[in-house]
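Each of the next two complexes has subunit A plus one other chain: subunit B in the first, subunit C in the second.
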Partner chain A sequence: MSDDTPDKTANDLSNLTVGGHRSDPEFFERVNSLSGQNVSLCYQCGECTAGCPTAFAMDFKPNQVSRLVQLGMAEEALSCNSIWICVGCETCATRCPKNVDLCAIMDALRQMASKRHVKSPETDVQSFHEVFLSSIRKSGRMHEAGLIAALKLKTGKLTKDIPLGLALLKKGRLNPLPDPVKDKAAVQAIFGEAQTPGEDNGRQ
Partner chain B sequence: MSRVGVFVCWCGSNIAKTVDVARAAEAAASMPGVVFATDYKYMCSEPGQNLVKEAIHEHKLDRIVIASCSPRLHEATFQRCIAEAGLNPYMVEMANIREHVSWVHDDREKATEKAIDIIRMLVAKVRRDFPLFQNQIPLTKRALVIGGGIAGIQAALDIADAGYPVTLVERTPSIGGRMAQYDKTFPTLDCAACILTPKMVDCVSHPHIDIRTYAEVEEVSGFVGNFRVAIRQKAKSVDESKCTGCGLCTTKCPVRVNSEFEEDMGQRRAMYVPFPQAVPNIPVIDREHCRLWNDQKCGVCAKVCPTGAVDYEQQDQVTMEEFGAIVVATGFNMWDHRQIGEYGYGQIPDVISGIQLERLMNASGPTEGKIVRPSDGKVPRSVVFVACVGSRDENHGHSYCSKVCCMYTAKHALLLKEKLHDAQMYVFYMDIRANGKGYEEFSRRAIEEYGANYIRGRVSRIYQDGDKVVVKGADTLLGKQVQIEADMVVLATAMEPQPDAKNLARMLGISTDQHNWFSEAHPKLKPVEVLSAGIYLAGACQYPKDIPDTVAQASGAASKVTGLFARPHLRSEPMIATVDQARCVACQLCAGVCPFTAIEIVEIQDAKTKQIRLAAKVNESLCHGCGTCAAGCRGNCIELRGFTDAQVLAQIDALALM
Partner chain C sequence: MGASNNSELTYAYYPGCSIHGTARDYGLSIDAVCSALGMDLVEIPDWNCCGASSAHGTDNLLSAALPARNLAIACKMQMDVAVPCAACFNRLAVANMRIREEAELRQRVETALSQSYDGSANVRTLLDIVINDAGLEAIKEKVVRPLDGLKAACYYGCLMVRPPDAVAFDRPEDPQILDQLVAALGAEPVAWPHKTECCGASFSLTRTDIVMKLTGDVLRMAKRCGAECIVCACPLCMANLDMRQATIEKVSGQQIGLPVLYFTEMMGLAMSLPGVESWLRMHMVNAGGVIRRLAAVQDMSDPALVSLP
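This part shows the complex of A and B:
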């Protein structure tokens, strides 16, 4: 092999149009660096989709999400419901014959969608993610009662699940008061590090 | 008085589960002429064969019926077996109670009856068997290899290395074939010339190899061990004994035509060697384009030649030569993509074929290895490859996979990426078929390390838009249409048989499949043989093959040839037709129906009248014993040894006169 081997996956897609949309030439690289994965390893065998417990509810199946990234289809990849339907169970990542961690890619896409304020088709799921994170940020630990209250306010579904909530309270499963961690500053530091400006600050 | 032994085989449970073998043996014991009958679990096994041999000695048997499987499977086994026991090997008959009975019937009672009937028929026949003897046929230990590509070169070298003389016939002015056109070879990226040219030189310097370039096989007759072949040496217009290969004539020739070797990407002269490393390094005059033949003026080459080697008077010469074996290694042709309207009918200059790209990439090619597009000489920044162009496409007459395109397309994408660092490579494919050693890893490397963008789907349209070539197609993984504005498009076109493959097949008496690829004798167990003995296949004339497979098959063909030549002489099969010339009236019907041209009409002296007259005669080396002539003979004076009328009628009587 000659010395002038090009950079790995110098994957420029600027001349490509898919389904009438221009390919975003940087999207592929951004997802790669944010997720710490090399999406070009994916050879579209479909193992991820085959085993995915939530694929039935997705508009783009897991392998298609990977394909959207391979072709630089930023808009579709960030606005599809699949990235929010994915529960991160890691079945796909465990079984992938090329060792691609698709959950990490889903994670990266969720982060990018949030940063770019892309409206999720799964508003409840997105709301839950936001409420959950703010709960952790406040107390360093999840406070179920507070989380439920905040989620009800955010989604407007105030009366739904009341009998279940009461039952949980009765059994002492729902602590009305928060139980914060001792070292809140450490939690803040973690959040601070994760939220330094720009998208490319995730896993490497 | 004949002493017949009948041996009924169980074939494990294959026969025994449907046929009552003990009852069959018992019934056989009372058939006329039978002195011994038994059954055994595996007749073909060593104890089974010993049982036959012992019975021959003990019961003084002189003819045997084995009631088991098809004679195709084990007739030879039992011929050997009884020969070892001292009988003539042709005194055994096979009663096929497996394929003809147990495998096709369920009713045990009726199956057993049918098995007994078949045994009775063969007992009747075997009583009329008579000893037959093989004849010796002389063997010319010299091989003809047709085609001087890598297959022919490898076969010629292997046969010659075993010490037998080889004549290597190549129709272009140089050996080397397709492989000489390639730049690098997958999956190791060896430079094709670096590994091929040493073999070409080995051929030319080998004491046992006689290279005939610019020559063609015109006629083939004869049979294994004794082929007679007419070889036409086309006039090179150059005296090879005088030419030093200095090349002055080729630089001074004023005529320029498109070079076949450069796949029309470059030009050559009318006086030319196809490529710099050509073997032999002797130019030829392409008389079709030469000015001297077209305008009756010029003669520059003769004027500049320092040794006076140019000879305009030279004529084609046809020689008749004898060979014992023939290796067919005539290779393949590339399908012409200009037939595809949606890809621009070949009218878009920057849409080229894979083999044209090989020449573009090659350091001794028309651009000296610089990758520039044919239309304007610009370096392409975006290249689209299309796999399966014409292959796996019945619409274009090729139902088959051309087998090498997936790999060379990956190689092209990878090599172009090495040469043009920031260029984009797109590959449209249906499946990636990378089933060879290191192949899957290689094609993945093009994607994973070199960033080739593989798109699973077909290309629907290619058209020129300004200085861009627009490629429209589909990504079936997403179910979306895609479009790429490319600078250059490379089509992986289908491999096809040579346009004159059918002619050669007819000349050699070998068969072809529906596409005109040469047919092997058996797809698994006889992959280098053809149905005619003494002729072997090597390389892509049989089916699309890559270089490793081609070389392996060529060595296989060579080993078949050397195996044949290692025998002192050939033996003829005695079960062939014979003519009773005393009764033959030379109507020649037999000669007309013989599929092997084994019947000649000869002059004989009539036994009674002492006059010279015509009669049919069977060439024992050519006769396959098919019996067509015996059936066709009006005077009933041809008989097939081993299947005489007396034998066959006795079989029928045994069944009919029950």
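This part shows the complex of A and C:
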């Protein structure tokens, strides 16, 4: 077996698997470029998970999400509930000894999941973001009462928080009328530019 | 953040979407306090939503361009930008930093806005401006009703102090500025570990269970550390701490009863500004008990205030 010829498959990463799961090196590069981070710097100390206020509700903990990205495991990273349960509090980004902003990585993963139409296991959270942005797209400002009503229609949870809503109305803290921007065209131009073609519409 | 660009206390004001709705009490108290301190808040004409809490998890360009439209308008006003909401402040500051640092993104933002914008607006929280520009000494001079050692837990939340490279206005883990203000008003800031723990923010409407846990932890810790009230500087924090408190009590079977005040409301109380009673009436958790505790040692001749629920 004196085989001096290099193994031709050694540098071919297209069929790389990790524990039986397909690994996609391009995914790793894409997350880095979209988030502006270098996920390779993460050495899995777990500080992010230790301080994360919502880790208890995540299927993959924050450091595990970072690991999924390092290993190029796109399917797992984009379909886990963690990317939707991250509340964006920036505690991990503040404490990371390697200055990796995991919140930015979570943002990038959410953006990729949305653009690739990966269904979120957190349907209400995803609906919230859709309803929120569609409200801004239409009127340039978020109208709280309108947002709550639209969210109810979208999620079908019609009776949730009704007493609270009524109490707010009574106290003059829910404005029944929206207060849109005047220059709606300017806001729509921003949304239009966001939809120009490009892979995940991100940096690069 | 950086020192003021203004010789006079005039600011480009970014009120944000909650200020005419769920945070109307905050808006009214801001107007009253700033006017009493001789500060002039000029609303950014035709401002739009900054995109919090959804744009940054949906699209990179949206997360930068929505804030940038406001900042480009503010830049022309040549004033520092005053932002009362921690979430808006965070989104505006982060977008601004990225526009300065990422040439490609800046180019796309400028295309979206059809104008140039270089990220040069000075984005500041209203809390920073009130304390560092108007100044604690000027505030102390206006205090006519010192709050007599009222024990207050100063709650900064997440987004006003993090991430430190973008917002850089106080210590990210143990901020001090609100504690200094509260002390200047004659109240006593309690030492407690949850100053910057997250309340659950926009999960209020979707994963209310998470908010109940996180906000419940904050409230219970404040209580355990001897606080009689919580002071905050963000409509989203207020929404969770105040609006969800009754449900948290019901579910946990544990009475909390901690009134939550915006820092401007507490200033209004100490400065005896007209309207305080009407702002506090908009809250879900009654503040009357705390007011009467103060009234017992203070001269509070205002019957409307003392008769608050």
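Side notes on the structure shown:
In this text, the second predicted complex is superposed on the first by the 183 of 204 C-alpha atoms of A that agree within 3 Å, B and C clash if a C-alpha of one lies under 4 Å from a C-alpha of the other, contacts with A are read in each partner's own complex, and residues count from 1 in each chain.
We take it that contacts are C-beta pairs under 8 Å (C-beta built on N, C-alpha and C of every residue); 3 or more make two chains touch, one makes a residue touch a chain.
If you're wondering where the values come from, they're calculated on a predicted model, not measured in any experiment.
Shared-chain residue A:S40: touches subunit B; no touch with subunit C. Applying the stated contact rule after C-alpha superposition, one finds that A:T17 touches subunit B and leaves subunit C untouched.
Of the two partner chains, subunit C is the only one that A:D183 touches; subunit B does not reach it. In the superposed model, A:L68 lies in contact with subunit B only, and not with subunit C. The partner of subunit A that touches more of its residues, comparing subunit B with subunit C, is C. Looking at the shared chain after the overlay, A:G156 reaches neither subunit B nor subunit C. According to the touch criterion, subunit A has no shared surface contacted by subunit B in one complex and subunit C in the other. Interface residues of subunit B facing subunit A in the complex, by the touch rule stated above, are 189, 382, 417-418, 421-422, 424, 426, 432, 444, 447-451, 453, 455-456, 475, 477-478, 480-486. Taken in their complex, subunit C has these residues touching subunit A: 17-18, 20-25, 46-49, 51, 53-63, 65-66, 69, 90, 98, 102, 104-105, 108, 111-114, 158-159, 162-164, 172-173, 196-198, 200-203, 205-208, 210, 213-214, 243, 281-284. Across the interface of their complex, subunit B is touched by residues 1-2, 4-6, 8-20, 38, 40-41, 43-44, 60, 63-64, 67-68, 70-71, 73 of subunit A. Contact residues on subunit A toward subunit C in their complex (touch as defined above): 34, 36, 53-54, 56-57, 85, 87-91, 93-94, 101, 103, 106-107, 110-111, 114, 122, 124-125, 127-129, 132-133, 136, 140-145, 148, 151, 155, 160-161, 164, 167-168, 171-175, 179, 181-183, 186-187, 189-194, 201-204.
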